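Input: a single structure, listed below in structure tokens.
Letters A, B, C, D, E, F, G, H, I and J mark the chains as written, and numbering starts fresh at 1 in each.
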Amino acid sequence: MDKQAMKQAILAAKKAKGLRWDHIAGEINMSPVWTATCCLGEASATEEIAQKITAVLDLGDDVADALTECPMKGQWLDRGIPNDPMLYRFYEILSVFGPGIKDYVHEEFGDGIMSAIDFMVDVEREENPKGDRVKIVMNGKFLPYVRW
Amino acid sequence: MDKQAMKQAILAAKKAKGLRWDHIAGEINMSPVWTATCCLGEASATEEIAQKITAVLDLGDDVADALTECPMKGQWLDRGIPNDPMLYRFYEILSVFGPGIKDYVHEEFGDGIMSAIDFMVDVEREENPKGDRVKIVMNGKFLPYVRW
Amino acid sequence: MDKQAMKQAILAAKKAKGLRWDHIAGEINMSPVWTATCCLGEASATEEIAQKITAVLDLGDDVADALTECPMKGQWLDRGIPNDPMLYRFYEILSVFGPGIKDYVHEEFGDGIMSAIDFMVDVEREENPKGDRVKIVMNGKFLPYVRW
Amino acid sequence: MDKQAMKQAILAAKKAKGLRWDHIAGEINMSPVWTATCCLGEASATEEIAQKITAVLDLGDDVADALTECPMKGQWLDRGIPNDPMLYRFYEILSVFGPGIKDYVHEEFGDGIMSAIDFMVDVEREENPKGDRVKIVMNGKFLPYVRW
Amino acid sequence: MDKQAMKQAILAAKKAKGLRWDHIAGEINMSPVWTATCCLGEASATEEIAQKITAVLDLGDDVADALTECPMKGQWLDRGIPNDPMLYRFYEILSVFGPGIKDYVHEEFGDGIMSAIDFMVDVEREENPKGDRVKIVMNGKFLPYVRW
Amino acid sequence: MDKQAMKQAILAAKKAKGLRWDHIAGEINMSPVWTATCCLGEASATEEIAQKITAVLDLGDDVADALTECPMKGQWLDRGIPNDPMLYRFYEILSVFGPGIKDYVHEEFGDGIMSAIDFMVDVEREENPKGDRVKIVMNGKFLPYVRW
Amino acid sequence: MDKQAMKQAILAAKKAKGLRWDHIAGEINMSPVWTATCCLGEASATEEIAQKITAVLDLGDDVADALTECPMKGQWLDRGIPNDPMLYRFYEILSVFGPGIKDYVHEEFGDGIMSAIDFMVDVEREENPKGDRVKIVMNGKFLPYVRW
Amino acid sequence: MDKQAMKQAILAAKKAKGLRWDHIAGEINMSPVWTATCCLGEASATEEIAQKITAVLDLGDDVADALTECPMKGQWLDRGIPNDPMLYRFYEILSVFGPGIKDYVHEEFGDGIMSAIDFMVDVEREENPKGDRVKIVMNGKFLPYVRW
Amino acid sequence: MDKQAMKQAILAAKKAKGLRWDHIAGEINMSPVWTATCCLGEASATEEIAQKITAVLDLGDDVADALTECPMKGQWLDRGIPNDPMLYRFYEILSVFGPGIKDYVHEEFGDGIMSAIDFMVDVEREENPKGDRVKIVMNGKFLPYVRW
Amino acid sequence: MDKQAMKQAILAAKKAKGLRWDHIAGEINMSPVWTATCCLGEASATEEIAQKITAVLDLGDDVADALTECPMKGQWLDRGIPNDPMLYRFYEILSVFGPGIKDYVHEEFGDGIMSAIDFMVDVEREENPKGDRVKIVMNGKFLPYVRW
């Protein structure tokens, strides 16, 4: 079973059971964004987590197996720039605020990057009388460039 | 004076005075990332803020004027996908974690987007014995799609 | 049922019944462009609207379900620039009149954008003895950039 | 004098005089968006209009001459997809609402297009207690495909 | 029946009957290039023409129906620049002779375009002892830009 | 003197003298489109023609020299797809009518192409009470593929 | 039978019979590269040659028919730049040696091109004690640009 | 002196002296295509050859120096696909005949490539009463893939 | 059996038997990276190696046959720039360290390249108390440019 | 002084003094590839190293300053795929051997990447009677994906 079939099976089971990502995440003791990312095929699970996910969804070992495979990541983004408005906003943030963030990080940490591997991201709702807000917290290890 | 010349003038004055973005931001009562974004030409200042920035840097009215102009944003990203490793990581985060975030936001908020205009982003250092971490907090208003 | 299958089912039923978008829109009390956009899979309906649409077209709950899902939008435009002449004209309008509109909006409203989310668009026929005209009215909330 | 130099001269004079596009448009009896489009080098003026524009701005015959030339249009959009958020929203509107508009126009008018040449576009502010709105009215002749 | 299936059905029937585009065009009183364009799915027919085409080819109402639909045009050219040598030559003509034609048209007609909608194109063989020549005659209405 | 400088010199002299391409073409006994193409740097002249062109325009030997050089052609079209509406229409014609023309040419002439080298193109005004029309006549040798 | 199916049928038969392109070419009195090009669907055969090819391979009239059709050429190269190392080398040769060849051809022949239609290409093995060499001989008619 | 300036200096001197690539090549005992390639900045010379080239052209040591540098090759081809018709034909040959050549080479030599480094290319005029022909002979070492 | 089917068959058998690439490589006396490359369809095997691979995996002659075919290589990378983070890092290394490596190689070896054909690459784990490291050793013959 | 000017100054001084990267690297106790990378503007130096580099080359503090700045990396690669043959080979290695390396690394280390930041690369000459070889050793920390 490849990642595409796995994703379809999970989404169908999730819909049939009327579950949400945060329910599933709660059952398996992981965060909702990671759980969604893994079930959509962009991350890999340990065997233990894979067993838990398929238990919650009443799915078989082939799905659990597929969850543990290391995916070829990012294939959905095959046009380079995403058209979907929700996803495009991240591209726009990079476009408008990227240079300022880069400069500030270099001033604070020196030459290097924020890791996107040793990295976590969470999404929260922030209630606000003028309209609730989406709060996204990214947390990645700073990796300094080696000079050798 | 166009935005490009303004940026060069500001970076030269900032270097000559040995200032950092957070120093300037502190002087003008704004956040460091916004201050850097505006001085690099990707955002526009009010006249009052523009006067404060040029006062801190001992720069003239032509720079203040340029700071208030609405820029053609994102021109640095003319290749579509950024090559710089620090900036590329945001593209990679979109590529790997974007679909999971999108799905989770839709489940929590319905169909719509996180605004990148009614939006703030801050960067913090999180101390960690295994290596300090970069924490980026994005905060944007949720905008639901109108149905009419 | 995914959005692609939903769209095919709706187009087939609409053709079999000899309906037009404005007929369907009239039945469900929505505007024709939004109704077409939703049925073509680029917008999502509330459950109530989805029930009304499928009632008009004698379609089942799987179609109604699919209508309420938040789509991955804009996938038809995978080449970046549309070749279809009717659709290309919008790209050409952006290309020729975009900079003038941007400048005028900034002068009138300040730095920010016209929202494409808190947004409505209608199409009307304007009768004209030299040849009827297409009138497209876009109406989007102005969103000013936050400075923080 | 080429279009680029003409545009710089006009923008400098306009700024020095503290004029806005709607002021200039009022003086020359044209619409603001067209006036901005022409002064930014994306449209050409008649000799009479060119004389009026340069009279308002106290500019010379070389600017008037340049205003009458037929430009190579759309060169600013050399990356295909615009990064600037204000301009990108038009691309997003095409991406999300384009197919619905196309289908509706074909149903109403038959096979053909809305002209982007025999075309006018105006921008208005619509006051609204929840935040003012940008109203963009496009008006183009419907051109049916010839069958021969 | 979609345009792709329609095209396959027409090409198969045309081959089985040993017909050429000019034969079919003669039967239906239209020009050969338009007839081919329509049968290949890049143009739409009136119901009357659609009936005539399917009568010539002994095809059913589903094909006639599909012939009358307004197509999403130009989808074959999804790579931007065509590789096929016969089709590439048109791109090369645009590349080499385009600027000269543009300038000449503007001098003769003013700012505007040759319509590609109110437009006809015919292909003829010109006999020549050194090798016959392809003569392509394009005829499109000149559309002047509106100034408003 | 390179082609770019040559073009600027010719356009300036042409403007100063108030000439049009067809006037110059008449003086040198060539067609207007070819004359414009050559003066814009997309074709090369013989020495005799180059002398005639510079005589008409009172330009020096460096311009004549540059006119005879074989250009690196098509460099203006560096974005692949032209944004200028007048030039884009040729791309659109290729996109919509290209497949029909290709098929018709193969039926009439066999496998091969219309040459874009042994090729002439002329533009004429066709008067028409509903609006004058642009008539473009392309004439290229048919080149059959060799089989060896 | 389309070109893709034709190609699969030919490759399967060729493999089953243990033939090489030069064997088949020898049987039908054509060159090996042309024979391979035609059987891979990038060229068209005369009916006589098509009959000979299918006779050698024991294939039916549907394959012979498909061999005579004029293909939409170059579709395999849909990414613009080929990734396959053997094919990429031709792109690299164009990139490194193209300008020198162009200049030399113009000096020797004047403005024009080497035809890729009235064109033959052969591949030979050149034995060499340091490692055999691939010799590719291209032979195309020089086509001078018309000036009209 | 960089390669761009070197190229300009060489082309100016060559023109002033009325030399052709084959004259210069004859003086320095190299082939004309290589000589042109090197002088246009796409190859590097030994010091001895560089001295000979500058001697023929009466140019200084800075040009000789620049001739010996290893260039960043292929920068002229920055659009991916060349627009110039003479150069495009090589791309077209790759597109149409590439797969056949690849298959034939693999059958004859096994898996590997024709080197574009251990490689020579010559251009000759082949006289022909129907029009002279360009003969291009490429000769590259076959490099088999290592299996390890 | 084409390369895609071959790859699926091999991956399924490998998974069913619980083998790793280094186990298979050990059995057939080849290196693990080459073995994986060949089984994934990017390299070709000799008949002897193909027999050994299929023996280890209990697969048939059709798989062995497919293993010996020369593949159209690199087709997975059809977007130009890989999105997968593990694969992207090689692109990033080229982007950041490529110019330095190029310059150093030219200084040490002269004008030419490191072959990617007469080439081997191995991957090793380097144990390290701060976190194990991936060591990749590339070894390719230096190929000097011919001057002829 | 920006990175571009810094690079020119360093290359000019290095040439004037007849130094090689390994000489400079030896003087400053760093590796040659890193030294070249930093001097070409793709990496940043500490102040101490910057002082040493400028001391070796007799350059001023403005160069030292520029050496310490964090660069916008990878800007030379603005076409996406490099044309230069030496640099292209790294892209080809990614294209052909990338999937095999990815799979092998995942089998050995689990899901994650080889860091391109905590990363070193060295180039060595390996003498070989059949032609010397380029040996490139890459060494990067393995970074496992976090699951949270």
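A few remarks follow.
Quick note on the criterion: contacts are C-beta pairs under 8 Å (C-beta built on N, C-alpha and C of every residue); 3 or more make two chains touch, one makes a residue touch a chain.
Since the structure is predicted, the reported quantities are computational estimates derived from the model, not experimental observations.
Shared contacts of chain C and chain I, meaning chains that touch the two of them, come down to A, B. Which listed pair repeats D-E comes down to matching contact pairs by residue number; over half match for B-C among B-I, I-J or B-C. By number of C-beta pairs in contact, H-I leads when B-I and H-I are compared. In whole angstrom, the spacing between the mean C-alpha positions of chain H and chain J is 29.
Centroid to centroid, with C-alpha atoms defining each point, chain E and chain F lie 23 Å apart.
Note on chain placement: the centre of chain A and the centre of chain E lie 47 Å apart, centres being C-alpha means. Those residues of chain E in touch with two or more other chains are numbered 34, 38, 43, 72-74, 77-78, 80-81, 83-85, 92, 95-96, 102, 106, 112-113, 115-117, 119, 143.
Shown are all chain pairs that touch, namely A-B, A-C, A-D, A-I, A-J, B-C, B-D, B-I, B-J, C-D, C-E, C-F, D-E, D-F, E-F, E-G, E-H, F-G, F-H, G-H, G-I, G-J, H-I, H-J, I-J.
Those residues of chain J that touch chain G in the shared complex are 81, 83, 85, 88, 92, 95-96. Residues 72-75, 77-78, 80, 116-117 of chain H touch chain J in their complex. Of all residues in chain F, those touching chain E in their complex are 20-22, 32-38, 40, 42-43, 73-74, 76-77, 80-82, 84-87, 89-109, 112-116, 119, 121, 123, 125-126, 128, 130-143. Looking at the complex, you find that chain I touches chain A at residues 78-79, 81, 83-85. Residues 30-31, 34, 38, 43-46, 49, 70, 72, 102, 106, 110-113, 115, 117-120, 143-148 of chain I are the ones that touch chain H when the two sit in their complex.
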